[in-house]
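Presented sequentially are two complexes of chain A, the first with chain B as partner and the second with chain C.
Then we have the complex of A and B:
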C-alpha cells in the first residue's frame, strides 16, 4: 500500500505543477464580449485615424468612461482604454491622427491608429468641455470656469474665470478666437472671447431668462439656447456683431436638441409622439439665421446627424424602427431613403446616430450610420447600418449586469421519456396504450434506416474533427453538461439569458420595466433558479417575477409589498425551493406567493445601525426574533459579508496526511465571514462567525491594511481566502508592502485523527452553542497584483481540487490559483519531510508569482469585471466559469486535469493506425510462426 | 506643504524586447502606497510619467500582456529627489535593493507565454524512450544471436551444445511443484526425467 502510494505520488509530481491553457484550446473553450457601454452622443464620431488613411474608424467615449475605437466594418474593438472609475462623464474630440479625451480631471491624447498614449495632463479642476484647435493643441474649459490651452501635454496659458458664480457650459473655437459660454445666475449668458494665441480674455454678456430645463448649445459658429422652459429659441452667430435672433418654439415640445456643422444648424424637436427638425443656414458676415427648410413630423425618439462630406452638408434622420432618410442642406427633398430589415419592437428610442456619407456618381450615396439605441431595460445597444442594412450590432447594454443565476438545462435522456410517460399517466388506459404504440412507432422512424445510415458519417466525424457535433440545442443539455444558461439582469431592468457553453450567445431578452415606470426602477436584487427551467427575480422596488428560463416567457409577476432589503433561497426538500425576502422593517415574505416554510429558518440581515443581526423566522407566523447581534468595534464598520457558495459539495470530511492520519475538516455550512474595516487606523478585521448561534469562531486583525483599496474574500469548504493591501510598517514593526493574500483553513482539532469534543456526539445543535471550536491554520502570501474580486471553482461532487479565481483589474485578467498552492500547511523555513512531500506540500514561499499559464483569459483583456461565478459541469473534472460586471467572459477549467474525458491529445487516427499496423504485422508473422511450430514438431519427432 | 513632483522613465530596449514600441497600448504602470494608487499608460515614445506624485515611498509595477517586469521601489523625498531601488516582493520594506538610475529605465524580465503547446505524436521521441530501446535491443538480439552462433567456431559450438544437453535442462525450471509437495519424487533427479512426461 505504501509502495503504491509512493509510486502514485511520484506520478502526481510528474504532472505539470499548474493546469495551463493549451494553445489549441484557447479561443475554443473560452469566449469574451468586450463591451464599452452607452456612447455619449457628443463624443462619438467617425474619424480618419491618419491623414492618408483610406477608411475611418468610429471613436466613442461611453458613460462607463471607456474610450474605444470601433472598426465600422465588423464592429470589433480596435483599441479601448478605461479612463476613469466608470462613473464620471467626459468629452472626446478628434484631432489630427489622434483622439483627445477628458474625463474628470485628466486630459489624454491617444494615437488614433493603435491607441497609444501621446500625452496626458492632470488638472486641479474637473473638465467641462474641450475643443481641439489644430494639431494636438486643445483648449479646456473647467467646471470652475477657467480656460486653459494645452499643447502636447504642456499648459500654454491659463485664463481664470471672470466671475466665479458663472456656470460654464461649453466652448467654441472659430478663426483665432475661443468662445467660452457661461450661464450667469442672474438670468444671463456670458460669452468670453479669448484669442487662442494670447489667452487675453474679454467678455460680453446678454440677458437671457434660462430656466433649469432649458438647453444651451454652442458650435464653432453659433450659440443657441432656449428660454422660458423651451418656449423660445434664440440664436446668436459668433463673431458677428448682430443681436440675438428669437424664434418661438412649437407647442407641446418636450425636448429640443441642436446640431450644427459649418453653416448649417439643425433644431430637433421632440413631442410625446412625434419628432421633426428645422434646418437653418447661418450667415457669418451678416450674423443672420435663415430657415432653409423644415422636415415633416415622424415617429418620436428619432435622431438626426449633420455630416459634412466634401463641400456638402448632409442630414441623416434615423427613426427608431431603423428607417433612415438622407437630405441635403438646401431643400427638404429626400436624396435617398433606406427601409430597415430589422424589426425593432416598439419601445426603442434612438439615443444618437452618427453618419459617414460618401457621394457616389449618379446621385447615389454610401451612407454608414452608427446608431445607439435605448429601450426599457436595455440602454446603449449599438448597431451599424450601411445603406439601410444592419451590418453588425453590439449588445452594449450588457455592460451593466448586476446579478446572475445559473440555469441547468434538461437532460434529454431523462426528460423526453419522462414527458411522454407523464402524458400516458394522465390518459385513460386505452388512450395511454395508443399513445405508447404511437411512441414506439415514432421511435422506429427516428431510429430507422436514416438513423442507421447516418452512423458511418457520425463515426467519421468523430474521427476526423476530434469533436463531437452537438446534436442537442435549446433547452437540452449536451452530453458533458458544458452548456448552461446564465440569466443576467442589467442595471436598467433587462433580463437576458446567455448560453455560456456557446460563446455567450444571447438566447432571449425580456424587459422587467416599461417605458412608463422606468423612472421608478431600482434594480434587481437577486435572481434565483426556483425550479427546473424557471427563474425567480426579486427586484429592490418590491416585485417578484417568474420567468421561463428556456423561452424567456414571463410566467408570473407579483408585488411583494414593500422595498426589499435582502433575500435568500431555501431548499425545502425535493424539488421545491422557497425564496425568502426580507422587506424594510424586517418583515418576511415567502415567494412564490403561498409558499410555506417547513421549519423555522435562521437568517442574517444587516441592521440599520451598521450592525449584523441573526434572525429566527417562525415557520408559521413568519415573525422574526433577533437571536444575536454582531456590532463591530466603535471605530469599525462592516465592509462586506461573505458566505459559502450555495452549491459547495465536500467529497471528503478529512484531509489524509502523508502518514495516513487524518486532519478532520471543520465543516459548517452556516459559517459566514465578516470583513470589518477601520479607515481611521487603517486596519481590517476578519471574523468567521457561525450564523445560527452568532458565535465568532475565528478572528484576525490586520493592522496596516489599506481600506481605500479593495478587500475581497471568498469561502469554500472549510477555508477562507482574502486579500488586502498591507503597509510597509505595522505597529512599528517592518512588514512587506504590497497586496497580501491570506488563506485560513479550519480543522476540527489541532492533532490528526482527533475530532475534538463533538466527535462522539450523535447530534449537536448550534442553537445550544455546541459547535466546537475549530483549529485554524493560516498562511499569508504576497500577491503581485490588486485583486478586485475572488471566486472559487465548483465541481459536481467536489472531488476535484478547487481553484481560487482572482480578478486582477490592472492587468485586466483572471488568474486561477490552485488551492494546493495556497495550502496553509506548507512547511515554513524547512523543506517538506517525506510525509509532506507525499501529500504534495511544497516549502512555503512568501511570494506567489503570477504564472501566465494560469491566466484564464490569456491574451484577452477583461475590463470592469465585478463578479466571477462558477457552476459544475456533468463531468466531475470540469467547472464552468462566467464573469460579468463590465465585459462578459466565460470559460471552463479542469483544476485536476481532465481526468474523466479524453482530451484533444488523444488521437483516434493514431490509435486506429497502431491497431492496423499491429494487424498487418501479425498477418506477416503468423504464417512464419506457424511454419516454425510445425517444423519443430516434425523435426523433433524425426 | 508636501512636495509633489513627476516620476518619469522610459522603456529601454533589451534582449527580450529589442523594440519597446511593440508593447501593447494597454501596458500600464502603477505606483502604489498606502492610501494612494496612481496609474498611467505607456506613451507612444515609450516613456511614462506619473504626474504630481506626493512625497512617499512607492511600489512601481508594470502590467503588460506580452512581457513580465520586476517591481521597483520609488522614493519621492522632501528635497524633490526621486530615488529608485530594485526590490523584491515580500522583502522587508526597509531593506533596499540595488539602487537604480533616475529617470527610471525599465526592462522586461521575460516574455510571457500564456499557452503550452500540446505534444503531438513524435516518432523520434518514441524511439528515444527507454522502453522502446529495450524492446528494440531484445528484438535485435533474437535475430542476431542465432547468426552469431552460426559464425562461431564449430568446436566451441559443439562443446556448448553438449554442455547444454548435459546440464542445460535447468533443474529449477523443470521443477515439478505438485510432485514435490506430494512427496512422490525426489527434488533433484525426478524432476528432470518426469517433467514433460507427466504433463503429456
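Then we have the complex of A and C:
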C-alpha cells in the first residue's frame, strides 16, 4: 500500500498541473481586458481596410505606442501591435489597404485587415511626422529636420535639413509637393518645399513671433499658427503666393485647436467655461481665407471633428455631456442633433472625437463618433456613439493601473450568524434568550416544508446541470471563494473595483482627485484592505482615504501631513489593522487616525542617499531610532527590494527526503532580498538580509549581469527566485549568455535532521542573534526568454505546491513554472538515485523549456503587464491570479491539480447508474449463488 | 600465542593498507580569533558599539584582517562593554558597527544580552569590492553553535551559474573514447595482500 501511494504520488508529481489542453477548456476561468490606452487625436481615424470593403474600422495609435484596429460594431480589437517600448509617442496615417505608423526610429506598414506587417524601415533619427502620398509611399520628417521618401520599405530619396537649429513641426502634402514646416529659434517659421518626385529642396522663411505656448498646425492646404501667446491667428494657404492673413483671437482663450479637411478649416476656441468654433473656407487660387460661419459658445472641453463624406464636408461637435450636433460646411444650420442617454458627470472633458458620416435620403444622416474622454482619475476612456446612442465603451483608463489590493468578499452563512450573535451580545439574558428562540423559530420556517419540498428539485438540478443556479453576487462570495474584488488605482487617481471571479467586471469607480487639484496629483502609494470590506488608500501627496470596498463609497478622507515615502500594514492582533506611514523626514504616522501600536515595530525604509535603513518605531511616542543600515558597495546602487508576500502560509516546516530524513526549511518572515547593481561593471549582487538585525544571511555576486535588462525576483516560504541576463564570460571563464533563472533555497542546516537555533523555539529574537546562519542551496537555469515580472501562487494553507509565475514580454504571455522544476537539489551530471526519484527530483537540465501547456493566457496576447498578484481561493487547490500594468488579466490555477473539487467531466448520473446497475446485478446473481452453494453442500454430503 | 601474533600482524597490515587508501581528510578548522597581531594581518579596523540610549558609539574591539585572506582576528576584549557593566540592559538594542570614511556610524543591531557573553559571537568583515584594503561592512552576530568567538573576513560568493552540458569529443577514429575503467581493489592492491599473506604464512614456527 505504501509502495502504491509512493508510486502514485510520484506519478502525480510528474503530471503537469492541469491546464487547458483542449480548445474547449481554455478561456473558461481566465479573462483578459485588452487595453490600448489614450488615443492620440491626430493618429485616430475611420478607414476602410480595403478599397472594396463595405465597413470601415477605427484605427488608432495610443500614447502607449500601441497601434490598434477597433471594430466599430462592438468595440472589440481586431488587431493591435506594441510599437517601441510603450512610452514614446508617434504618428499613424491611413494608406491604401494599409496603416503606416512611425514610432521612435521605426516606420512600419501594416495590412489594414489583419494587421500583418507589410514592410518596416529603421532610421537613424527619430520620426517627427509622416504623410502618405499614395499607395504605400510615405514622406517622413525626422526630429533632426531631414525629410525622406520611403516607398514599400525602401528609401527613395533623402533631403537633409538646411539648418540644424530649426525645430521640425509637421509635414504636408499637396499636389506634387511636400511641405515641411519648421520653427526657427528666432525668426519665425520656415516652409521647405520639396517636390515629391525629385527631393530637391527649396525653402522660404516667414517672420512670426511664436511664444512657447503658441500652436502651429499644417494641413494639406493651409498652415495656421498663433502668435504672441495666442492673441493672434495667422493663416497661410499653401501653394499660393499671397502673404499670411492675420485674425485677432478672442479674449480669454486658453486653448486653440485647428482642424482642416480639404477646403474647410475649423478653429476651435476653448475658454475656462466655454468652447466654440469658427469655420473658414480656403481659396487655393487666390490664397485667401474667408470666414464661413461661427458657432455659438457652448460647454467647455468639447471636441470637433471635420469629416469629408463624398463631396461634402461635415462638422460634428461633441459636448462633454454626450450631446452632439452635425453641421454642414456652408452655414451654421444644424443638420441633425443628438441628445445623449448617458449621464456623464460635469467633470468629463472630450479629448477627441472622430466621426464617420453617411448621408441618407430625406436629409437623414448615419453618424458614428468615436470619442475619447478624460475625467479626474480616468484618462482616455473611449466609447462609440451612433446617432446619439452609446453603443459600446472601453475602459482604456485602466491601462495605467499602478497599485492593487485584494478584497475578501463576505461569507453569507457566517455573516448571518455573526450578525445575530452580535445582536444577542448587546441584549440582557432574557432578551437574548427570546431573540435566540425567535431565531430558531424563524429557522424552522426557513428550513420548513417548503425548503424540504425543494430538495428533490435541487438534487435534480445538481444532477442534470453542472452550473449552480443561485450563484452569489455582490458582496457575497461564492462557495469556493473564486470571486474576489481587486481594488486598483490608476496613475491619474481613479480607484476601481474589479470582480476577478467574474471576468474582471467593473463593480464601481471612484475618483480620488477633483478637476481642480488634478495638477498636484502624485499618485497612489499603496492600497490596503484595512478591515472587512474597507480599503485604505495612501497617496504620495499625503492623503488617506477609506473606501467601502463593496459599494465604492468614500468613508473618510484625511490629510496625513506631508509627502509619503512609504507605508506598510501591521496586524496588531484581532481584527484591527494599522497602516504605518513614513513621511519624508522619517516621521511616522499611524492610520486610521487614532490607531495605536501595541508594541514596538521594526520597519525598513529606503534612505534618501540610496541606502536602506532599519528603524525601530516606539510604540508610544512613534519616535524612530535607526537600528541598522545597508549602504550598497561603493560602486553599486540598490536596484530593488523584495519581501515575502504578506499572506504566505507554510504547511510543512521541512522537506522530507527520500531516506525519510528531513531538511528543515529556514523560515524567517523578516527576510528581505536586496538587488544591487553596478552598471559600470555590469554586475548584480543579490543579498538576503534579516530585516530586524540587518545581518546579511546570504549574498551572491553575478559578474556579467546586464543591468540594462530587467532583473526581477520573487520570494516565498524559504526560497528566492530571480532572473537576470548573463554575459558570455564570467570572471574570465566562458558562461552561458542569456537569461538566467536562479533559485536559492534556505535550510536551517547543511545536514538533514539537524535543526539550527530556530529549532523548536516558540519565540526567538533576531536582535539577540538567535537566527542562526542558513545553509543555502542554489541552482541556476537558462531561461529562453526575458522575464519582466515574477509572481508566486498562494493557497489557503500552503499545502499545494507553488508555481512561479513569469511575465514574458517576448511572447506576451505569463508562464507558470512548477517550483519543483526549479529545485536546487536536482542532481547534476547524473541520474537521480532511487531516494531522489521518490522525492520527485529530476536530473538537472541547464535549460528550462517553455512548456506551451503552462502558458496561462493560452493564445491571448498580454501587453504591458508590470505586476502579477495572487490570492488564495477557499479551495486549498486553487490560487487566483490577477495581472495588471497594461492589459488586465485574471485566471485561477491549480498547481497540484484540482484535488478537492470534482471535475466537469465527472458525471453524477453515470455514478448513480453504475451503482444501480451493480445493485440489480447483485439482486440477480445472489439467489443463484446461494442456490449453488446449498446444492454444493448437499452434493458433498451425499 | 602464535595465532595472536598472526592476528596482530594482519591487523597491522590492514591498518597500513587502509591508511594508504584513504588520504587524510581531517577537518581543517578555520583559524579563529584569539590569535595575536603577528600573524600577518596588516590591516586594522575599529569596531564600535552604540546602545540606543547612548549619545555616541564607544570602541568595542580592534579588528585585524588581511587584504585577501579569510582569517582575521580581534583584540581580546580588554575593557568591559556596557552590557558587562550593566549600563545597557539585556533587552536594549545595541548597534555594533564601524565608522566609515565620512564619519557616519554604520552597523547592525543586536541586544545587550548578546554582548554579555562574547564567546559565541561571529564577526563577519566584508571588504570593499573595489578596494579590498577597506572594510565595507562589519556584521556582529551571536551564533549558538560556535565554540569560541569567530572573526572572519569573507569574500563575496559568486552566484551560481548553469552547469552546461559538456561537448562530446570524439577521438581520431571518430569514435567516443573508451572510458577508463577503474581498477578494482584486488587489481590495485594484490601485492599488499600477497605480502600480508606471506607474512602470515611465514610467521615462523616457534620451537614447540
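Heads up, the rule we're going with is that the second predicted complex is superposed on the first by the 838 of 942 C-alpha atoms of A that agree within 3 Å, B and C clash if a C-alpha of one lies under 4 Å from a C-alpha of the other, contacts with A are read in each partner's own complex, and residues count from 1 in each chain.
Definition applied: a contact is a pair of C-beta atoms (placed from the backbone, for glycine too) under 8 Å apart; a residue touches a chain by one contact, two chains touch by 3 or more.
Here the structure is a predicted model, which is why all the values come from computation and not from measurement.
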| item | value |
| --- | --- |
| Touching partner for A:812 - first (chain B), second (chain C), both, neither | first |
| Which superposed partner A:782 touches (first chain B, second chain C, both, neither) | both |
| Partner chain(s) touched by A:584 [first = chain B, second = chain C, both, neither] | neither |
| Partner chain in contact with A:736 - chain B first, chain C second, else both or neither | both |
| Touched partner set for A:122, first chain B, second chain C, both or neither | first |
| Which superposed partner A:422 touches (first chain B, second chain C, both, neither) | neither |
| First (chain B), second (chain C), both or neither touched by A:81 | first |
| Which superposed partner A:846 touches (first chain B, second chain C, both, neither) | both |
| Which superposed partner A:686 touches (first chain B, second chain C, both, neither) | second |
| Chain B and chain C contact sites that coincide on chain A, given as residue numbers | 735-736, 782, 846-847 |
| Residues of chain C touching chain A in the complex | 52, 93, 95, 97, 100, 106-111, 113-114, 121-122, 124, 126, 128-131, 136-137, 139, 141-145, 156-165 |
| Chain B to chain A touching residues, read off their complex | 25-26, 28, 30, 32-37, 39-44, 49, 51-52, 57, 59, 61, 63-65, 68, 71, 88-94, 112-121 |
| List of chain A residues in touch with chain C within their complex | 614, 616, 625-631, 633-635, 685-686, 692-696, 699-703, 726, 730-731, 735-736, 740, 742, 744, 756-757, 765, 767-773, 778-782, 828-829, 844, 846-847 |
| Chain B-touching residues of chain A, taken from the complex the two chains share | 16, 20-24, 26, 79, 81, 110-111, 114-122, 682, 704, 706, 708-709, 725, 727-729, 734-738, 782, 784-786, 808, 810-812, 846-847, 850, 852-853, 855, 858-859, 861, 904-905, 907, 910 |
